[in-house]
Structures are given as structure tokens and as C-alpha cells.
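We just call them A, B and C in the order they show up, numbering each chain from 1.
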Amino acid sequence: MSWTRKDLLDLQSLTAEEIQTVLETARAFKAVGERVIKKVPALHGKTVVNLFVEPSTRTRTSFQLAAQRLSADIINFTAEASSLKKGETLKDTARNLEALNADFIVIRHSAAGAPHFLARVLQAHVVNAGDGAHEHPTQGLLDLFTMLEKKGRLAGLQVTILGDILYSRVARSNIWGLQKLGAQVTLCGPPTLVPRSFAELGCRVTHVLEEAIEAADVINLLRIQHERQRKSMFPSLGEYTSLFGINRQRLAAAKPDVLIMHPGPINRGVEVDSEVADGEQSVILEQVTNGLAIRMAALFLLNGGKAPQPAPAG
Amino acid sequence: MSWTRKDLLDLQSLTAEEIQTVLETARAFKAVGERVIKKVPALHGKTVVNLFVEPSTRTRTSFQLAAQRLSADIINFTAEASSLKKGETLKDTARNLEALNADFIVIRHSAAGAPHFLARVLQAHVVNAGDGAHEHPTQGLLDLFTMLEKKGRLAGLQVTILGDILYSRVARSNIWGLQKLGAQVTLCGPPTLVPRSFAELGCRVTHVLEEAIEAADVINLLRIQHERQRKSMFPSLGEYTSLFGINRQRLAAAKPDVLIMHPGPINRGVEVDSEVADGEQSVILEQVTNGLAIRMAALFLLNGGKAPQPAPAG
Amino acid sequence: MSWTRKDLLDLQSLTAEEIQTVLETARAFKAVGERVIKKVPALHGKTVVNLFVEPSTRTRTSFQLAAQRLSADIINFTAEASSLKKGETLKDTARNLEALNADFIVIRHSAAGAPHFLARVLQAHVVNAGDGAHEHPTQGLLDLFTMLEKKGRLAGLQVTILGDILYSRVARSNIWGLQKLGAQVTLCGPPTLVPRSFAELGCRVTHVLEEAIEAADVINLLRIQHERQRKSMFPSLGEYTSLFGINRQRLAAAKPDVLIMHPGPINRGVEVDSEVADGEQSVILEQVTNGLAIRMAALFLLNGGKAPQPAPAG
């Protein structure tokens, strides 16, 4: 149950046991967030750099709070402000941050593999906060954590991921993590965004919403990214909503205790109605709270912290 | 003298006693700013979020320093950087911040009432850092604090507020606070910016500068906001300055010990001359120092801190 | 060996002894950066403001980390965000920051002399983080520190500075500091960027690369600033590189143990080849690490901290 990796880059390369170690450690840190004093001294004197070359307020803020609550110092280093605009390479930027004694580099980048590249050239711990359409491992872990907390198990759980699977790093991290821990994954959305080839990863693929939700224990909705979606792939928002948008009426065909999840921010009225997003099946805000616990756990373990004794869950 | 409110939203709804509690607490915190070590552990482990949907460097910096000096963790969450641009609603943003265990949301927003709305939907403490043309309660409190400190009393004090009253949240918070503590308020400026209807609030209204300053103990100048003022209301800066700009010559008609106040930043040569702004009647920089003490007091009291024993002032 | 200055504005006005005091103090702080806990409580409760009116991520981040490691609170106050856009003068901005109890103002400004102006009007300690084409004293100090650490002495050292000398504040701070400590400085680059008049400062001036590097113990490369260089002064990047770009072939004419230095960020393939920048003579990343130690030392000494007992170096 001990953690030996220098970096957290993806869920594809983690073992089921390593994933469980993070989940169990996060459970302990979630309790910290409920205390009056929400800080522990674990990373006192350490420096965490948020290197966000692609904008993100939520994930950056979550990592910042995680670092603060572990008593680390934190530097936000965004692309707009950075020397990357002056033609400096990512490698030079990262090496300079390491030369400033950075202990952790949390990186978000539009290029898949950028965190893996940094992990090879740096001695600092590298945490992938989202790389292109590849992976977003802390999002995957917080999704697993939330499902486990709410459903009591991951093995045998029926999880449907709905939306733009093709370009989603959230979907990929979910797929790897869920399958390693024994859940069964169904992917659903328009054929252009959910190619049959995903079946090779062991997922069930369907383009019919009813088939995707009837047996689901969890429906994980992906954000429709207006700003990024290619036109040729994606006819119109109205058409997407009419075919795949989740509302109360459609949810009547699902199990009564189905969990509704979403990585946020929500497009209300597009991929999900407000009635459902704010309803009692929704755990969207708990995902946010759990994300903080997962990120504290990740930084803590990478720093050499010891995982708590495993509970008999999983 | 104890404080029981969850939020600090406006001065209109506070009692005179509550306002005095903040002023007395700020007096104690002002002394902290003069120590070698300017920190107290009162908010250790708490998280303060600066949610500024309208830009402001000074007020945001003042709240940031106030939080730091109370040993809180602080997150700056500006509109440019935020998901509000991705179409997320204010409510979703605020709920997400709360899900990250934020204890305080300090909000500036162009819509009047935005802080009140958040206060209803959140468990976190909400502090209004300026909402549209409605109120800016910490500015009002720091103005009262400065007048009390310099004049020894508020009851019976003659205070003139000069400039664009119609669109000023600073004016409104001053009017409410000053009247509750027994000061007499005169409003002055061009007729388009100082409508007679303000007399219904109990203020004296005049459009003649001489009438406004002759008996004044305090002249509180408002910033002329080039960037916001509607053209139809406001003929030209030159005309404003020629009629209402404060210079040494005009000040000769005022009491020799009149206080010159301004919320900053000053437009030198527009609403006030440099000679007056930097002169010995000016307390503009002390207002800045006092603002920090007021904001520390506000965060401290909202957090459940106990006000000091009241001094016999007021 | 004690430090008595309120501000750190330039190297021109420092004595050799004062420069040595900073270098010796930095040596002690460099050791702090190598500890597990990289913090000391020296500036606990003090506030450092980074007032960057000209953008810079690296220097700002270095000062931010230096302040954090001394346990100070830090405020980043950038030009984009600031009231300077609203027409507020630099003096008003700085006085407001002082009124917020700022103990240190670290300023970068495009106008030469801006830090000296602030130092006269403020009680806060002012640190020049680069003013126009005038000086960048902490860069000069870190360059001296690096040379001393690697070569064991500064007296008698042959240092070549290569590039756009005319507009470089890094060059000026190097020239003053190196000459005070007894090094011999050679300046090299195109005649339009390296005027003969620099010989009056006691430097050797040459426009022939071979003459500049053959006897050099150190080659300090300046960044070619595409974005700033006037066209009339600077024909083309290709021409610069062909005449003055440093590559392995050209370096064959230098001493085998010559140090290659650069203030960063590097333009790979312009002023220096990757093979040289990443080669074993390069100490570019160590300069970054040393910059943090120099900035900690500067803040510490300005705050009244005592320099360590001098080692027999220099």
C-alpha cells in the first residue's frame, strides 16, 4: 500500500492498488476539510508551482487550496504571464522553476504528453492537471472517490459516461480508473464523438441514450465545450440537447438512486437541466469538495507521506 | 456589543450599535498594523476568496492583506480568469467556491444586490466589497472610523459629500452610516448627479459649492469616474472642475480644521488639486491604513471573534 | 561589514564592502534552499509588494519565492491590474501601498530612476528589480555570486559581456559590480549596440568576437530582445547570430574552463546554441538558483538582518 512514484501523470499506468492508496489517503484528508482549522503541516517549506499553459480557474484554485492546506508555498505561473510568450520552450521554463527549488510542478497543457516529458527531465514531482485530450488523472480519481463514497464499492458498478468522449481527457481517466477497479463502463453520445473503436478498451459503446442509462448506477456527464468543438463533428447545441440532454423526464427511465456527476462548469440547459443538476441525485458539488481531498492526497503521497491503514472498502 | 450577523452586506441594515462594534474592533486592529509583527492567528486555517467580478486593485489588495494579517489563506478569483466567461452563473461559481471549503466570499460585482443573493444561497460568510451603485460598506465604515478618530465624535458632525452622488455606492454607505451615528449629511454636485430626491433620506441637498462647504467639519470627495459617467449627465471634466473642484482658494471659505477625504484613486486636478490632496487637512492616506483595520475587524467579527470592551467614544 | 542602507537601488552607489556583504549573506541563504524545510522566520509579519509596471515572470517569481522563504506576506501588484491605468501616478500608487503597511516595495519600471524616486518619498524599503536601461542590481549581484562561487575570486577575473550593451541594465549592473571587486570587463557586440564611449567606464570595448573570448574566464551573454530592439540599430537576427552567436565551434577558441552565463530567458539558436547553453561550461540554471539566494539576502539585510561572519573569500 505504499506509494513509490515520483509523479502522477495518468491513471493508465497506475495499478489498482496505487489508485486505492490515493483514494484511502484522500478519505483522511477530506476529514481535514471539515475541521475548524483546515491545515496540516505536511508540506511546510515546500514549493508547489501551478504551471497552467491552458487556462483553468477551477482546477488551478483546487490545487492552490490543496497546497495551502498542506502548508506549502504556492506560485501561480500562467501562460499569459510567462516567458513562454517570449519564445522560451516548456523545458526551459520548467527547468528554471526547478532551479528556483520548486518541489512540485502541477502542469496543464494543450499538448498530450507534456507532463510526461517534464517528468523525465525534472527532479521535481510532476502532477498532470490535464494534458490535451489525453488524461486528467486527479479528475478521474475524484470521480472514483465520489462513486466509492456514495455507492460503497466500485467493483461491478455500472458507470455511463455521456457526451464528447473523443476529445475528453476526463473520459479517458475515468475509463482507465474505473476498469482497473472493476467497474463496467458504457460510453454514449453522437457517433462522431463516440467512435466504436472505444470498445477495444473494454467499454460498451452505444449511441442510444435509453440504452445507456437504464442500468446505470452512475451517469457521468461531460461538459459540451462550445469553444473547442469542431463544427463538422457537432451539428448544433440544440440537436445535442434534444438527443442527449439529461432532464427529469429522461431520468425517469434510470434507476431511482442513480448518481448524476459532472466535472463542471455546467452548461445549464445544454447537457443537463437545472432541475437535475440541482436535484437530489446530483453529487456535482461534492465532486468539487472531493477534488480538493484528492489533490491533497496526491501531493502528500508524492512528497513521501504514508498512506493511512486501508479500510476494507474497494 | 456582540456581533451575530453571518454577512456584511450594507450599512443600511446595520444598527448604530453594530456599526460601533466594528469601529471599536478596528481600533484594536489598527494597533496591530503598527507592530513589528503585523499578524495575529485569528483566522489560521480559514480560507478567504476574493471574488472580484468588477476590477479593483486597491480594495482587493486591502482585503488580501487583511486576510493575510489574520493568518487566513486567500484565493484571488477574478472575473477575467474565471469560469464566468464560460457562461457559468454567479451562483454556480459561488457554490463551487463554497464546495472548496471557502469560509468567506468577498465579492465585488456590477449588479446591485449580488452579495445579498449569494448570502442567501451560501453558508459561507459574504462580504460586500461594492455592488453596482448600491453600497460599499467597508468603505463607509473606514470613512466613519477616520472621522471619529480625527474629530473625536460622529454625533452632530457636519459631513459634506461632494460629486457624483447618484451613481456612487460610497456615497450611499456613507449616508446610511453617518445618519445612524447622528452626523448631519450635506450632498453637493451638479443637479443631474445630485437629485433633490436624496432629501428624503434626511440629507441636505445643494448644488452650490459654497453652501456645502462653509459649515462642514468633513468634506468627502468622490472620484469622478471618467470611464463610467454617462455623457448626457456630465458635460465635461473642465466644467466639473471649474464648478466643484476643490483647491486651496475655495477651501479658504471652509473651517480651518475641515477634514479632506477621498476614497481614491484621486484624479489630481479634477475633483481635487494636488495642493489640497497632499495638504495638512487631507487624511486620504490614513483612510487607506484605516481600511485595512476595518476589513480585519469585519472578517474577525464575522468569524465569531469577540469585540473589545467599548471605549466611551462615539 | 554591517548594512545600513534603507534601499537597494543600484550597484553604482554601493561600496565593494557592501557588495561583499550581500554575497556573503547570500551564501548562507543558498544553503537554506537545499534544506528539506526551505523557510526561515526572518520576515514573519512583514509585507513585501511586487510592483511590476513592466512585465516579468521570472524576476517577480524569484522575489515572491524569496519573500515566502523568509516567511513574509507577499502581494503581487501588476501594471495591468493596477490603478496606474486609471491615471493614478506612480507616487500615489506607492504611497497607497505604504499606507497599507507595506514594508518592502520591489519595483520594476520602464523609466530609469523610478526606484530612486520612490526611495526618496517612501519610508518603506525599495528594491530595484530593473529600471529601464539603467540597472538591475539583484541580477548583477547574482552574476557576481555565481562567478565567485565557480572561480573562487573576482579580483583579476576576465569577464566578457556580449550583446546589446547599450540598452542593457544587466550589463550596467555587471560593469559596476565587477569593476568594484577588481574584475576586468570586456564589452563586445555590433558597433551600434556597443559604443566606444563605454571605455570611459574602464571597460575594454571590441567589436570582434575572437578578441572578446580568447582570454575570458567568463562570457556573460545578454538576451537579444526581439520585441524591443530598434530596427535601425539591429539589421537582423540572422546577421547577429552569424557574427556573435556562441556555438561549440566558436567556443573552441576560449579557455576550456570558461563559464557561460545568461540572465535568461535564452533565445536558443540566436545568441547561444542549445549545445552550449546546456553544456558543461554553462551555469545558466545555477544563476537562477543563486538569484533566489541573492534576493533573500537583500530583503534580509534591508530588514536589519545581520550578515554572517565573512569567509576569507572575495
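The rule we apply is simple: a contact is a pair of C-beta atoms (placed from the backbone, for glycine too) under 8 Å apart; a residue touches a chain by one contact, two chains touch by 3 or more.
These numbers come from a predicted model, not from an experiment.
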Inset, instruction - Indicate the lowest number of steps between chain A and chain C, counting one step per move to a touching chain. - result: 1
Inset, instruction - Count the residue numbers both chain A and chain B use at their shared interface, divide by all numbers used there, and answer same if that is over half, different if under half. - result: different
Inset, instruction - Please work out the Cα centroid separation of chain A and chain B, and write it as a whole number of Å. - result: 41
Legend entry - Multi-chain contact sites of chain C, meaning residues that touch two or more partners: none
Legend entry - Residue numbers on chain B that touch chain C, as the complex places them: 33, 35-39, 55, 57-58, 61-62, 64-65, 68-69, 226-227, 264-268, 285-286, 288-289, 292
Legend entry - Residues of chain B that touch chain A when the two form their complex: 44-47, 73, 75, 77, 81-83, 86-89, 92-93, 95-101
